[in-house]
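Chain nomenclature is as follows: A, B, C and D, assigned in order of appearance, with residue numbering initiated at 1 for each chain independently.
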Amino acid sequence: MPDPITQIIQLVTSTYFLEIVVFPGLISIAILGAFFTWFERKLTARVQLRIGPSYSSPAGGILQGFADIIKLLFKELIIPEGADRFFFIMSPVTALIIGAALLGLIPFAPGVQIANVEVGLPAFLAIVTLSPTLVLLAGWSANSKFPFIGGLRALFQQTAYEIPLWLSALGVVMITGTLNLTGIVQFQQNNGWLILPQALGALLFIVTSTAEMERLPFDLPEAESEIMMGWQAEYPGPLFMLVQGPAFIKLYAFAALFSTLYLGGYLGPAIIPPIVWFFLKTIVIIVAVMLFRSTFPRVRLDQLLRQGWTTLLTLSIVNIVIAYFIVVGVPAI
Amino acid sequence: MTDLTFLALATVTVASAILALEARDLVYGAAALGITFLGMAGLFFLLDASYVGAFQIAVYIGAVVVLILFTVMLVGPQLGEPPLELRRLSLLTALLVALLLGTAGSLTSAAAFPGPDNCGGGCDLTRLGTTLINQYGVPLEFLSLVLAAAVIGALTLAKADRKG
Amino acid sequence: MEPLTSFFAVSVVLLGIGIYGLTTKRNALRILFSIELIYNAANLNIIAFARLRDPPIVTGQVLVLFTIALAAMEASVGLAIIMLVSRLNVDIDLRKLNRLKG
Amino acid sequence: MVSQGIPEETGYIIFLFAATLALVITLRLVISPRDPRPTPEKKAPFESGQIASGPGRTRFIIQYYPYILMFVVYDVIAMFLFAWALDLRALGASGTVPVLTFMVVALVPLAYALHLAGQRENW
C-alpha cells in the first residue's frame, strides 16, 4: 500500500480522531454553542427584567438554540447581486476552521489536548490575528455598503486591540518562562495562580479579548442599531449560522485561554475531576463577558481606537514592568 | 520517502504563490499571498522552528496582508490592471526561471542532505532570547531605529496635506 | 522527516516565481508581492540550513526574525508610497512612474 | 498519538477544513431550498428598505490609517519582546538595557503617529 494512504488510514482509525470529532472537537462545540446561545439570551433578558426565550421546551426554552439552528438551516441561500461568491462563502468557512483551531491548542485536562504545540500561546494569538483579514474580505465580498463599513471597522478595531492583548499575555510569559500552555499550567501548580501577581494583566486581557470577540461594549463591526449587523448584514440563513459559529467559538476559546493563563486551567482540589474545574472556570469567564454585554453601552470608533492605543497600551507596559520586577527584583518567587 | 504533510504544504505554497502573481483581481492576489505565507509558516513548523512559524503568521498574515488588502481595496477601483508586457523581458525571465528550476531539480536528485530528526521536546526554543539579546543586541537597536523610521516615513508619505 | 533538500527546492521555486514577477509585472502591488515572495524564499532557506546542524543552531531563527521585521517595514513603506501615488491620480505602473521627485 | 508521518496539528486542520466544506456543500445541495427564478429585488443589496443606489464598495474609512500602520510596527516589536520574555529568567537584569533602549526608540514614533491620527482632516 502506498505510504500516504497508510498514514491517512492510521489517522482516521486513531483515538485522536475521536478527540477531534467528539470531545474537545466539533460535536461538543456545536452543542455548547447552541446551549450558550440560549443561556446568553436568557441571562440578558433576566438582567433587563424580561423573560427571554421560553417556548422551545418546558425547562425555560433551553432548546431554543437548537431550534434556531434548524430554522436557519432550512432558509434559502441568497447571494446578493454583484457579490464575490468565493469570498462570500469561504470567509465564514475559514473563520470557523480558525476558531476550531484555537480550541485545539487549549489543554482541557492533563492529556486532553488536541495539539500540544511548543509555542502554544503565540500560536493562539497568531491564529487570532487571522480573523480581521477574513472579516474584511467578508465585508468586501458582499458588494453592499453596510457590510463594507462593518468589515473596515472590524479591521481597525481588532488590529488596535491586538497589541495590548499580546503585551498583557507577555507578562505571563515573563513570569513562567515558557510559551507552552501546558507548561504555564504546570508552573501555576507549583507557584499559585497567576491572577494574583498579574491582576492588571488579567484585567487588560479580558478587556482586549472582549474587543477581539466583537462583543457588546466593543461590537462596532456589527452594531445592529447603526449599521445593521455590519459585515454580517447580507448573509442568508445557513451562512449566517456559519458566521455565528466562530463568534461563539472565539468567546469559548478566549475564556478557556483566560482560565489557562490566569486561573490555573484544570488545577483545583481533587474533589472533582480536572476537566470539571476547567469548565467551571471557563463558564465563570463566559458569564462575566455576557454580563458586560447587558451592562455597558457601545463606544464610538474613534474613542475606541484612541483608548486602545493610549490607555490600554500604557497599562500593558506598566504590567510588563510589574512582571519584570516580579522576576528580576525578587528572585525565586 | 515523501512526507504527505510536506507535499501538501509545498504544493499549496507554490500554487498560491503563482496565483498571487497571476490572479486577475488584486484582492484574490493578496489573499493568495496570505495563503503562501500560511504554507510557509507550516514549513517552518515542520522544520521545528515553531516560534518563527507563529510569528510568521502574526506578522505576515496578521499585519502585512491586512495592510495590502486595505491598500488594494482603497486604490483598486481607480487602478485598472495595466496589460502585461512580456515581450521585453520574457526571454531573460524564462531562462532564469528555467535555471532555478533546474537547480531545484538537481538538488532533489543529488545526494540528499540528511534530514535530522528526533528534535522533539522544544529544542527549537533553546536559548532563543539569550542569543537574541547577548549576540544580536546591537542589530536589535539598529532595527528599532528602522522601525521608528518606517513609522514616521510611511505616515509622512501617506498624509494628505502636503504643504512642506 | 523530509530530507532538507526538498525544503531547498521549495525555496528555489519560490525565488524563481518571485524573480519572474519582478521582471514581468508592471503593477507596483504585484512587484511588492514578488519582493515578499523572495523574502520568504530566503527565510525558508535560512531556517532549513540552520536545521542542518544537529542540534540545530538557533542563530538561523534569530536571523529570520530580523528579516521578517525588515520585510514588514518594507511593505508598510511601500504601501504608503503606493497610496501616495494613487492619491496623485497617476496609475501605479512602475514603468511609467519615473518622476517621484518634488 | 498518531503515526509519525503526520503531525497532529496538520491532521486536525485538514479534517476541519474537509468537514466544514462538506457541511456547506450539503447545505447548498440538499437542505437549502432553491428559487429557480429569483426576482431582482431578492438579489438586491440591503439598504434598510431603500432601493440600493450606486456601487457597494464606496464608503471607505481612511481616516484611521495611522492606527493600522502602527499595528504593523508594534506587531514586530511584540515578536522580539516575546523572545526576550521567554529567557528572562536566564538573562536576568543583563538584558534590560538593550530591551529598554529598543522599546524607547520604537515607542517614540508612537507619539507622532498618535498626533497625526488625532488630526482627522489629514486623511
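Observations, loosely collected:
The definition used in the following text is that a contact is a pair of C-beta atoms (placed from the backbone, for glycine too) under 8 Å apart; a residue touches a chain by one contact, two chains touch by 3 or more.
Fair warning: this is a prediction, and the values are worked out from it, not measured in the lab.
Between the chain pairs A-B and C-D, more C-beta pairs are in contact across A-B.
With centres defined as mean CA coordinates, subunit B is found 27 Å away from subunit A. Here the spacing of subunit C and subunit D, counted between their Cα centres, is 21 Å. If you average the Cα atoms of subunit B and of subunit C, the two centres end up 6 Å apart. Averaged C-alpha coordinates put the centre of subunit A at 14 Å from the centre of subunit D. Subunit C has residues 62, 65, 68-69, 72-73, 75-76, 80, 83 in contact with two or more other chains. Under the contact definition stated at the top, the residues of subunit A that touch 2 or more other chains are 3-4, 7, 117, 122, 129, 140, 155, 159, 162, 179. For subunit D, residues that reach two or more other chains under the stated contact definition are 5-6, 9, 57, 60, 65, 68-73, 75-76, 78-80, 82-83, 85-88, 90, 103, 110. By the definition of touch given earlier, these chain pairs are in contact: A-B, A-D, B-C, B-D, C-D. Across the complex, subunit C meets subunit B through its residues 1-10, 12-21, 23-27, 29-30, 32-34, 36-37, 40, 43-44, 47-48, 50-56, 58-62, 64-66, 68-73, 75-77, 79-84, 86-87, 89, 91-93, 95. Within the complex formed with subunit D, the subunit A residues making contact are 3-4, 6-7, 10-11, 14, 16-17, 20, 26, 73-82, 89, 93, 96-97, 100-101, 104, 114-115, 117, 122, 129, 140, 142-146, 148-149, 152-153, 155-156, 159-160, 162-163, 166-167, 170, 173-174, 177-179, 228, 233-234, 237-238, 242, 301-302, 305-306, 309-310, 313, 317, 320, 324, 327-328. The part of subunit D that touches subunit B in the complex is made up of residues 5-7, 9-10, 14, 57, 60, 62, 65-66, 68-73, 75-80, 82-88, 90-91, 94-95, 98-99, 101-103, 105-106, 108-110, 112-113, 116, 122-123.
Every residue of subunit B that touches subunit C in the complex is listed here, in rising order: 2-3, 6, 10, 13-14, 17-18, 20-21, 26, 29-30, 33, 36-37, 40, 43-44, 46-49, 51-52, 55-56, 59-60, 63-64, 67-68, 71-72, 74-75, 78-82, 84-86, 89-90, 92-93, 96-97, 100-101, 103-105, 107-108, 110, 112-117, 119, 123-124, 126-128, 131-132, 135-136, 139, 143, 146-147, 150, 153-155, 157-158, 160. By the touch criterion stated above, subunit D contacts subunit C in their complex at residues 65, 69, 72-73, 75-76, 79-80, 83.
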